[in-house]
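Same chain, two partners: chain A is paired with chain B first, then with chain C.
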Partner chain A sequence: MLNKKVISAVLGIMCFALTLGICVQIRTVKGTNTTVSNNYEENNLRAEVLRYKERYDNKYKELEKAEKELEKERQNSTKDNSALEEKEAEITVGNKMIGLTDVTGAGVIVTLSDSKKDSSSVLNPSTLLVHDVDILSVVNELKNAGAEAISINDQRIVPTTGISCGGNIIDINGEKVGAPFVIKEIGLPEQLAGLSRQGGYLELLRGYSVEAELKKSNNITIPKYTGVITYKYAQESN
Partner chain B sequence: MIFIAILIGCILGALIGMNAPMISYTYSSYLAIAIIAALDSVFGGITSVIKKNFDLKIFVTGFFGNAILAILLTILGQKLNVDIYLAAIVVFVGRMFVNLAIIRRYYVDKWLEVFEKRKGKVKEQNQESIEEK
Partner chain C sequence: MKGKIKKGKVTMIITAGIACFVLALVMTMQFKIVNETDITSIENMREAELTTELANWKSKYEETNQKYEETVAKIEEYKQTKQSNEETTKILDEELQQVNMILGKTDVEGEGIEITIRETDNEEIEKVTADDLLLIVNELKNAGAEAISINDERIINMSDIVDISATFIKVNGQRILAPYVIKAIGNPSYLESALTGNGGYVDEMKKIGQDVSIEKPNKVKILKYNDEMKIKYME
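And now, the complex of A and B:
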């Protein structure tokens, strides 16, 4: 009897370990969102990229932690000094403006995705795609309409952001961003919604059967810029 | 009792696995090879039960030992820039197929036996009924 109990306990533990491992593995593979290619070399390259990305993410987390510590230290040291406190508040406002903090608020979400039409059905298949110029125009119009913070697929638009064509993807902040493009912006929603007006840019895109959608929302969170803004040449003029 | 324990273990493992934190991609290849090794041990265990030479000690040490050994070999292979894990996969999956074939043969034979017995019974009944007439 004891022997049977021991056997069943051991088998239970082993099944536990096996299913646990399988579940974790499946979730990890799903999480990394890899499409398994038949090419051995390609798989290796992708694994390497993922590994580097992970290392980058880890380092970035460390950086974030250090920044939080710095903030704490700064708050501690400026506690009893009103002049310093003022400067501190200035820094916070400045960070918000140049996009170094997460922000939330009301605004609109614009989604642009490539047309589902068959590319052989039109004269120029290029018109069915969302191009960097389209993104640029939309961002420009939104800025004109008073958007305070903009992100494209979670890439925050900051003063140093460039939007350029990179083949079948678009380079934003030096990161590769692919369709569909979810452009989130914070501002007065009614004003920003003017983007979809008659004769506006979104209508023009829809004319090319590109899918362009605009949605108002009261609760949009825009992530902060994940890179580092450096000013090497610009100096303050007195 | 054994089946209940296995079932509980599987359900618990699935539940915790669904909620456990994801491991980093660097280590997922090690986990994959460990899973393959463990699965191989399980099929080997079933085969040995069929062959009636099942030994719990050997089964358990094979289960964990093979998994750990496979992980270590994979790490060694990465250090030496040789894809040792490929060899491990070939060996383990090959053995899995062999064991599965043994299991399949056993059950096919068993079912055939049962089927034929039933057939024989039906025939006997038929003959009996004919004789009664």
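And now, the complex of A and C:
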């Protein structure tokens, strides 16, 4: 008799847990559905965003093709004239320096990751994270050491690139990137490696137990800027 | 009697086992659904986010489209002027001029703002450092600045701003001294609002007693980069 009671109680508890589980699940699914399908206005907007994104992607592909053709046409038009060839070369080098073409060379790769330390073990957990200011400072030090091209998680640094903080992600060239941050740069590796010197910024970061790693490499490829630089306000003056 | 109890127990245990199994299954399903719910994807954005996202893609599309049309026009021009060196030179010069402008090899002018930071005599107030200038320049870039200079040192792609001892700051390897005048060309109200208001860097500097002012002249003139630009290591 006693045994039966215990078993019934166990079964009862189990049934209760099962119901609870199902309830939670149904609620989660319902919650997901509301964001997807309940709001007509949002759905329209979402479709519009996707449409423009697709239009942009297609146009960008066309632009890439046109730019390659332009380069070829430019080379064609200038090949038998040394004065013209010189100008053509100047444009090519200029585009490399701006960041409009892929480049390769020797350099260093710096990787910054948030600390693995337990955030409750320090007074200010914010110091365990990599911030926009940290990336800005590392990039500035690399420029100081003579870097010729820099990218952060494959976002190329161009003259108009700003780095800003958007919550727990960082915004570079209007694209969102998250930790770990892989900063690639081309330049004289020995000089760039000076970044991990005593008193340098990487050591400072390590002091906060942020993980900062520096690796030399003879073959680094830095991708081009995937956007368009157009000036609306600045004009050439004499 | 004994056998009967055993039989009942076995049924109970089996029932309990099935219940446990179903429960586990349901839980797994639930976890999977929660995992698949990617909060950063377009599917889960709210109206306000979607509106900004749409404006962002629209302007990106328009910029790209404009650039595409310019590029196609240039290809045509090159094709048509194949025979004439003079004509080709003209198009080349046009292209080169655009490249040089973005590089910072030409003087430019346009709407924008001028920020002046004066050193104060009060020794209790923190001195202006390279980091202050670096952060202001970054904020200006975030706000869409097209050209920037500090004390007429043009900020180019690979410009650095560093402290050399406690006495002076170097930009592009050239030492500059207070007062620091930062010029930027771009939409004046965007540029100004990036530095002022709650959390704006210039307002933060003012709060600790530093002497900073922002002006919006009709025309800002920014000088070109003064040195040679060379690349040695990249291909």
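Keep in mind that, in the parts below, the second predicted complex is superposed on the first by the 175 of 238 C-alpha atoms of A that agree within 3 Å, B and C clash if a C-alpha of one lies under 4 Å from a C-alpha of the other, contacts with A are read in each partner's own complex, and residues count from 1 in each chain.
By definition in this document, contacts are C-beta pairs under 8 Å (C-beta built on N, C-alpha and C of every residue); 3 or more make two chains touch, one makes a residue touch a chain.
Nothing here was measured: the structure is a model prediction, and the numbers come from that model.
Asks: Figure out whether A:Glu41 sits in contact with chain B (first) or chain C (second), or with both, or with neither.
Replies: After superposing on A, A:Glu41 lies in contact with chain C but is clear of chain B.
Asks: After superposition on the shared chain, which partner residues are touched by A:Leu204: those of chain B (first), chain C (second), both, or neither?
Replies: neither
Asks: A:Val133 contacts which: chain B (first), chain C (second), both, neither?
Replies: In the superposed model, A:Val133 contacts chain C only, not chain B.
Asks: For A:Ala89, select first, second, both or neither according to whether it touches chain B, chain C, the two together, or no partner.
Replies: After superposition on chain A, A:Ala89 lies in contact with neither partner.
Asks: Tell me which partner A:Phe16 touches in the superposition: chain B (first), chain C (second), both or neither.
Replies: Only chain B; A:Phe16 stays clear of chain C.
Asks: Applying the document's definition of touching, compare chain B and chain C: which contacts more of chain A?
Replies: Per-residue touch count on chain A favours C.
Asks: Report for A:Val24: first if it touches chain B alone, second if chain C alone, otherwise both or neither.
Replies: both
Asks: On the A-aligned overlay, A:Leu50 touches which partner chain: chain B = first, chain C = second, or both, or neither?
Replies: Touch status of A:Leu50: both partners.
Asks: Could you list which residues of chain A make contact with chain B in one structure and with chain C in the other?
Replies: Residues common to the chain A contacts of chain C and of chain B are 4, 7, 10-11, 14-15, 17-18, 21-22, 24-25, 28-29, 32, 50, listed in rising order.
Asks: Considering the complex alone, what residue numbers of chain C touch chain A?
Replies: It is residues 5, 8-9, 12, 15-16, 19-20, 22-23, 26-27, 29-30, 33-34, 37, 40, 42-47, 50-51, 53-54, 56-58, 60-61, 63-68, 71-72, 74-75, 78-79, 81-82, 85, 88-89, 91-93, 95-97, 99-104, 106-112, 131, 134-135, 138-147, 155-162, 185-187, 221-222, 229, 231-235 of chain C that touch chain A.
Asks: Taking the touch rule as given, give the residues of chain A at its contact with chain C in the complex, in rising order.
Replies: 3-4, 7, 10-11, 14-15, 17-18, 21-22, 24-25, 28-29, 32, 35-36, 39, 41-42, 45-46, 48-50, 52-53, 55-56, 59-60, 62-63, 66-67, 69-70, 73-74, 76-78, 81, 83-84, 87-88, 90-91, 93-99, 103-107, 133, 136-137, 140-141, 143-144, 147-149, 157-164, 174, 176, 186-188, 222, 227-238
Asks: List the residues on chain B that touch chain A in their complex, please.
Replies: Those residues of chain B that touch chain A are 1-2, 4-6, 8-10, 12-14, 16-18, 20, 22-26, 28-29, 31-32, 34-35, 38-39, 42, 56, 60, 63.
Asks: Residue numbers of chain A touching chain B in their complex, please.
Replies: The touching residues are 4-25, 27-29, 31-32, 47, 50-51, 54.
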